[in-house]
Amino acid sequence: MSHHVEAMLDTYPKDLGGIDKQVLAACIAACFECAQTCTACADACLAEDMVAELTNCIRINLDCADVCETTARVLSRRTGYDANTARAILEACRTACEACADECERHAEMHEHCRVCAEACRRCELSCANLLATLN
Amino acid sequence: MSHHVEAMLDTYPKDLGGIDKQVLAACIAACFECAQTCTACADACLAEDMVAELTNCIRINLDCADVCETTARVLSRRTGYDANTARAILEACRTACEACADECERHAEMHEHCRVCAEACRRCELSCANLLATLN
Amino acid sequence: MSHHVEAMLDTYPKDLGGIDKQVLAACIAACFECAQTCTACADACLAEDMVAELTNCIRINLDCADVCETTARVLSRRTGYDANTARAILEACRTACEACADECERHAEMHEHCRVCAEACRRCELSCANLLATLN
Amino acid sequence: MSHHVEAMLDTYPKDLGGIDKQVLAACIAACFECAQTCTACADACLAEDMVAELTNCIRINLDCADVCETTARVLSRRTGYDANTARAILEACRTACEACADECERHAEMHEHCRVCAEACRRCELSCANLLATLN
């Protein structure tokens, strides 16, 4: 998906304001992929016979999906860029991804969806950290 | 992104209920890509000097992004599947994508972001129609 | 919340296009209230000891919350109004609310959150139907 | 809307974990009201003849609506509560509301929708700060 995101960044009619286009595109794509994966993982947890042991996992999956989607939207907007808002939502996204990865990793050996989801969360957590590093 | 979506569908612990996995994965991926593209196109329109002539385009871009994201989420959930809700949101998504593609195509020669966005909307419109055809 | 929504509609700088302002405001408010209630009901279901019997309820709650929020956003926008998109998302919202109310009503005697949620869904279903009737 | 939110909190089947119910309900309600107001303000800005001077306002309105909705959803979930994620999204919401209020206040004398929206953002900023104070 990073290719699609970068293609749209290339069409932006004004200057991107010194931001690293590839790091930005990678972060937006990672956020959308993590949001989809967390939405699917919450649903797969719901379908497990042992759902009662996965309720904390479902909850943080739902949070992480919401925070990732909002972060992807905020980052996709370049007009009237506000560095404080960008940094704060990236910090929230990194925090939610870390919490979700920690939780999913506990179930990774038993549930393949949690293993795949933990990886998506770690990639997104790292992408947010990478983008934050370029903003400071 | 379709690859990521399909990988998560493969981890779903129950039967997918006879749905065509590849058609479903393609539709979910097309919805997320269209949502990202519409969000970026609305912002690129805002950055144009002639923004006053693009306000209808911005509005339908915002609608289309919201409807596509919700459709992608509903389709990502397989537990307790309700065919009526799935069909209704797919119809709404197809309608929003068609309206957004029609509007963006009017500006496609002048604005590259509208040209790319119209293509993403047409792909998503077609993906929704393909999935709807398998549900009837 | 309807009061807040109507106050903002009063500030809209152009004509509202013949739409009934009170019916519109009631529908936007009902959508937001239903979205909040469904999000809370899904979480309350997760917290029940018998969560394994509530997984279908959680799923339709999550769908209904997403569809209601998107509907509220689309309806909150008046610029470049597209009647086809408005009608299609209202139909999807009515369908999701009906499905969620049907499911929650099955658990209403046992779970107070499902009883309250079913009422919010019925109110929203009716508000969507009322608004649709004025659009035709 | 705070009344609706509190009614649902009362139905939660487990302990709320020592959180102040009224402060929490007020914050969730303020987030939803701010999200609706910002969505409507962005659209009203689009409808102004001088839209070209309001593009920064539209952008921060869109960000603020997204962040407020996600914050309201995260706060509406009590199961598997993660204090780090809650604090981080509340900080992001406070930041986005402050930025949006600052921008809208610049146009408050000329545009009634910006005046009303700035007030909603300040209320939400304060509600987030109040809730954060109880979490520390």
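A, B, C and D are the chain letters, set down in written order, and residue numbers restart from 1 in every chain.
Keep this in mind: a residue touches a chain if its C-beta (ideal position, glycine included) is under 8 Å from a C-beta of that chain, and two chains touch if they have at least 3 such contacts.
Being a predicted model, the structure only gives us computed values, none of them experimental.
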| item | value |
| --- | --- |
| Identity of the chain that, by mean CA position, is farthest from chain C | A |
| Contact-richer chain pair [A-D vs A-B] | A-B |
| Geometric centre distance via CA averages, chain C-chain A, whole Å | 27 |
| Centroid distance [mean C-alpha coordinates] between chain B and chain A, Å | 19 |
| Numbers and ranges of chain C residues touching at least 2 other chains | 43, 46-47, 55, 58-59, 62, 69, 73, 77, 79-80 |
| Contact graph of the chains (line, ring, star, complete, other) | complete |
| Residues of chain D defined as touching chain B within the complex | 42-43, 46-47, 49, 51-52, 55, 58-59, 62 |
| Complex interface listing, chain A residues touching chain D | 55-60, 62-63, 66-67, 69-70, 73-74, 77, 79-82, 84-85, 88-89, 91-92, 95-96, 99, 103 |
| Touching residues (chain side chain C, partner chain D) in the complex | 1, 4-5, 7-14, 28-29, 32-33, 35-37, 39-41, 43-44, 46-48, 65, 69, 72-73, 76-80, 111-113, 116-117, 120 |
